[in-house]
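Both complexes shown next keep chain A, but they swap its partner, so chain B is in the first and chain C is in the second.
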Partner chain A sequence: MNEKNKDIFSRIESYYTDYGQRAKELKNEGIKIIGYMCSLIPLEIITAAGCVPFRMRGDVHEPITKGDINLETIACPFYRSCFDLSVKGKYDFLDGSIVAHGCDSMARTYAVWKYTLDLPYSHFVNLPHTISESSREFFRAGLNTFRKSLGKFAGKEISDDDLAEAIGLYNENRDKVRALYELRKPDPPIVSGTEITKILTVGASLPVAEANKLFDEVLEELRQRKESPFKKVRRIMIDGACMDNIELVKLIEDLGGNVVVDTLCNGTRDNLPHTDTGNDPLSALADRYLDKINCPRTYRENKEQDLQKELESRFGDIGFFARESKADAAILYVYKYCDPFGFEVPVRKAYFESIKLPLLYLEDEYSAGTIGQLKTRIQAFLEMIQ
Partner chain B sequence: MAEEEKKKRKKRRTATKAAASIGPMVKAAIGGTIKAKEEGKKIAYTFIVCLYDEILRAMDIVPVWTENYAGVCGAKRDAERFLERAESLGFSRSLCTYALCGLGFDQWREELGEMPPEAPWGGQARPDMMLSSGQILCDPRNKWYQAAQQFMPDVPIHNVDLPYPLYEDDIHFTDIQDYYIKHIIEELRGLVTFLEKQTGKKMDYDRLSGLVDLGEKTWNLIHETYELRRAVPTPMGTGDAMNTMVPMTFMLGTQEAYDFYVGLNKELKEKIARKEGVIENEKYRLLWGGGLPSWFALADFNYFNSKGAVFPAETTYRMVQPIYHMYMPETNDPIERLAWRWFGYWVYWYDKARKRPGSHPDVEWLIQYIEDYQIDGIVMHEAFSCRTWHLGLIWQLNQLAKIYKPIPVLVLGKDGRENKASRELPSLVLESDIIDITSYSEVDTRNRIDAFIETLESVKKGKTI
Partner chain C sequence: MRLWRFKGLSMTYFAGIDIGSLTTEVVILDSNADMLSYSINLTGADCNEAVDQALGQALSRAGLSRDQLSFIVATGYGRVTIPFSDKKITEISCHGTSAHHLFPDTETVIDIGGQDSKVIRIDKEGKVLDFTMNDKCAAGTGRFLEVMAGAFRVSLEDFGQLSLKAEREIPISSVCTVFAESEVISLIAQNQAREDIIRGLHSSVVNRIWNMVQTVGVHGAVTMSGGVAKNRGVVVLMEEKLGKPIHIHTEPQIMGALGAALLAKRHFLQEK
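Moving on to the complex of A and B:
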């Protein structure tokens, strides 16, 4: 093991287990920490304001209790968990929170967050649902409002140059994530899905420059692995929304599958698409967050009126990553009460069938309490695809 | 549904003749869409509160309000077979049950090539197009038709973005309204282009302008008519309002809708003159403070009535505000007027909220109605399958309790002296669904209503003087 990097994985473990420890240190240094929960938040603007974006996590092991006082149980269970932890003081170091118009669970509870947590700053990023010239222009104007509002709070006028610099840092970050994913391609992979989940989760809790440095160290360390420490077993893809706890991935890997790729919010959905550079940075950000992030909440016009072409147009990225990673099978993992993904389940199933990838569909709550049931189903699925 | 059960269920009693006329009106409208389809008219699936009602009317497009049909299936207690079908197709039962009912129905109709057997009120006509209108309002509006395209790939979708800004402390809506209005206008123009392509005819903007006039006139009339319910005793309750919302939400931009409210206005004024209330002895005035009703259990409103409770007001389906209180720029462009109407409706309570520390537009709306309608308690309904209209309700009640001490009264203290205090405003949150009857227990619901009435009684008698 490289001496310089010998403790990198123990550092990641520490950041993962004591989530938010670095943000607390930075807060003590006078830096403003801004919480968020969705891939549709333009982090570049937060960074350009001199603040640190911090991706709030839920905790599948923590029963939701105090959060239920103000937030209905029909909300997204992941979102409820984040809210519950916030109410219990887990994220007391936050100076603000940004909520995106990702789904009804976010949009309809913006006031609940804002008033209950009563943080010094809050803002709602209103993304349109359609993709058109008008919606891009509308979204750009909304991002400009956000830029001014956050700049006022941070005491800094956010210039185009500031934005361009932040865009550069995040694009660099995405290149590094891409490099990490490259290490999942060999059979068996060089890095496990559990490790990747931890690394990316931790990265989202750090200032982007620190995350970049951390990823460099991880890459250097991983490239020292001349041989994969893992067995050559079935290669699994995970499709779904946000997965910020390792439990499901670890379960699959413990049961004898290698999780080699994903189309998750805190995986390829958010971490790979670049922001264009060289032109108006706000327009480029509007384009990235509206169009390049393939989230089911954004409506993409079906121009062909042909189901197969429609499937390819909407879910082609799934097929691309599955082929690229030589996945043998996939697990579609959707949270209960998730309308954007829930209404897509039959059509996603149809897509997986069209690309001949065996699929296990799991609807779950955000709770470790369901692990036993998941274990039985995943075990049976892995046996089936042997 | 078994014939026996159909016979057993009596027709629900309404306070107004106007509300009683709605059932046949909806039945005729649904039958009308099937006939229109047979006559070759263009049929569009669409959602209520879509803003573009008048545009559809001006283009002679027949709207099929898919939420309405699901509601009809629910009210007739015949949604279960469509919900089960949707579930068997892979949709989770935790999703919007309006959408699930519609998807189950559509898939069945497409599979059979005809209406499913004994489809309520003749069924739902196959659309020529589907018009989504989601944005900030509702996720299923964005996803339902997209999911339906799996069974109807030949039916085109046009999705219309209709944004409005959420309430922020540091941003006044007038600072951002220009880009909101601009985008809404562009979206509506895009819709017109789409409809022109689908129908092969051009929009008649003079006709549209006339219909927007009529729509605005109807909005003002609805507002004035509903305000009549402030009277004590109140001449109409929320149970009736769940019927009288039909012309407002399904028929806007038609003379029939306007005439309906002319009739309702007259009927309410006559009842007020006669001091004729929903019930003879009105003891408790309640606010339906949020949540869609359980369409299969509207008789619960009658149960409240039987306990001396009436609902003079509700925030649900109060989808109009007086146009004359909104900012409307002078313009001859009906599309622009529609955009401003939409924006004005959603920011209607924003300035009022700004004046009260800790308030919020949704809470301010409750406060205004509590005062205007002399409210004694609040009832809400949490429908498990609908996040759109039901998330945030509990918080609204909690925030209301935090910032608003509504009714100053004198309280008899332990020492027998009179002290100034505030009367409590009890609340009840019912839990069930909009159309999924398996989530409902009549016994539990009525037990909760009984307990709530006891609370109201004790607060009213209590120690207040």
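Moving on to the complex of A and C:
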């Protein structure tokens, strides 16, 4: 490892442990930082406004205390943790926050968020739940409202060219994420799941151009690993919502499995789809966030009236990534009270069964306190698939 | 270095240690997989002390010393704390292994321990095919029954027998141990027959486990392990649900340790 690249990994570690340090620096330079928590927020619009989108994280090691005063415990523990940290001042550098109609926890507590934190800017992105011509039209109009509102706050009229430029930067970012995943394909993989989780988590806290540069440097360093530093063991896929901390992935890898692919919000599912270029950028963004991201919060009508075909049309991406990465087994990891994923557990299980991929389903709280419980389940699962 | 291993001087011996939330069990086997001895001790607050005590007891009963053990497998939630074990294997694989060893027609194992309960599906070779565990609370575990027996001031042994004497069953609506205890106290205050309440409590545990059984599915013969398998009240109700008898070893509490000892033997032979 040369000195320059050694520096990259320690920078990633530092950005990961002191999350938000770069955003604070940028804030001091007068740049507006806009927080968000869900992959359904069109970051391209925030970047085009000259602001920096910042993905808020929870902290599995921090007990939720103050947040519960204002946010009901019926909300999912990840969301509660993000809120708790915000109330405790962890994200005081934010100039605004944007909430999408992702899950019920988000939609129904937008006002709590808005009035408790009282940030200078807040906006609710009203994403339709069905895919049709009218919902596309509705969503495009909603995105236009968002563009105007954020532009007004940022003191900049966001042009189509600004949007096109931001779309280009994000598409580039998605290609780099794809390249990182390519390094997980060899057996054993060149890069561990723990490393990838850190890299992607850190990337979401930086301006996209900086994240692109960081990913390039990381890729350059990783490509110098001629031999994998890892053992050849069972290859595990993770399916579920977002994973912004390394605990679960590290636990699996410590117990002797290689995490080689995922279908997570901040992994392949929501990171990889490109935004179309060349035509109306707002329509292209509406199309990406409404249709191309295969999140269970969006209802997709089954026209086939056949369970097997429905499973394939809804979850075909899971099978695609599992095959592509030669996963031996999968873990479906769902937070308690997660409405989009929670309701889908039986049908997701049925899909995994249909593609004959052994599955471990874990329902968890967003807390490091459950590690011991998870350890027995994961170790037993790894023993089972030996 | 246990030199005698390589000299082929004598029998080889294997130990399985199961450190559970309530008790720690040790089983010692010889190379024919015959059980030489076992011990059951309370785990208490110090896992290492409990292991030393339980292992010391089992060794002295077998007339062996620790350095005569060729391979030690640790299991149970405290498996990580034992520094001298050769391998750490989950209790899920261990219960599957011992159930298959004792009752070869077993395809479903129901293990109800002090802190958690599991339903394990195994194939005809004893390999785990699927499993489910209760979530973190004490509902559907030995701890639930222990707390309830405490509310009635009766021993755990009598508790199961009292359930069998019930004329009717008073359903307990709370699954939470703490809430169920207050429910029981108010039923006692209403002068309800204690046998009927106790039967309701046993049903509550069985219903909870039954949901887990259905998740994994009932296949072939069913074996029960763990301390709660000693409770006739639970076993009878579970057999009613299943519509068939359940295999139970004379000492179901040592099934985890027995499985660990069997796996110790298997791994020793593989590594040799």
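Rule of thumb we're sticking to: the second predicted complex is superposed on the first by the 384 of 386 C-alpha atoms of A that agree within 3 Å, B and C clash if a C-alpha of one lies under 4 Å from a C-alpha of the other, contacts with A are read in each partner's own complex, and residues count from 1 in each chain.
Here is the rule we go by: contacts are C-beta pairs under 8 Å (C-beta built on N, C-alpha and C of every residue); 3 or more make two chains touch, one makes a residue touch a chain.
Computed from a predicted model, the values in this text were never measured in an experiment.
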item	value
Clash or fit (per the criteria above) of chain B with chain C on chain A	fit
Which superposed partner A:380 touches (first chain B, second chain C, both, neither)	second
Touched partner set for A:81, first chain B, second chain C, both or neither	neither
Inter-centroid angle chain B-chain A-chain C after superposition on A [Cα, multiple of 10°]	80
Chain B versus chain C as contact partner of A:301, first or second or both or neither	first
First (chain B), second (chain C), both or neither touched by A:372	second
Contact breadth on chain A, by residue count: chain C or chain B	B
Where chain B and chain C come nearest after superposition, their Cα distance in Å	5
Overlap of the chain B and chain C footprints on chain A, listed as residue numbers	363
Residue ranges of chain C in contact with chain A within the complex	77, 80, 89-93, 127-131, 133, 135-136
Chain A residues touching chain B - in the complex, by the definition given at the top	69-72, 74-75, 101, 103-105, 107-112, 115-116, 122-124, 126, 128-130, 132, 134-135, 137-138, 141-142, 145, 149, 152-153, 296-297, 299, 301-302, 305-307, 310, 334, 336-337, 339-340, 342-347, 349-350, 361, 363
Chain C-facing residues of chain A, complex	363, 370, 372-373, 375-377, 379-380, 383-384
Residues of chain B touching chain A in the complex	89-92, 94-96, 99, 132, 134-136, 138-140, 142-144, 146-147, 149-150, 153-157, 159-161, 163, 165-168, 170-171, 175-176, 179-180, 182-183, 186-187, 190, 358, 360, 362, 382, 384-388, 390-395, 398-399
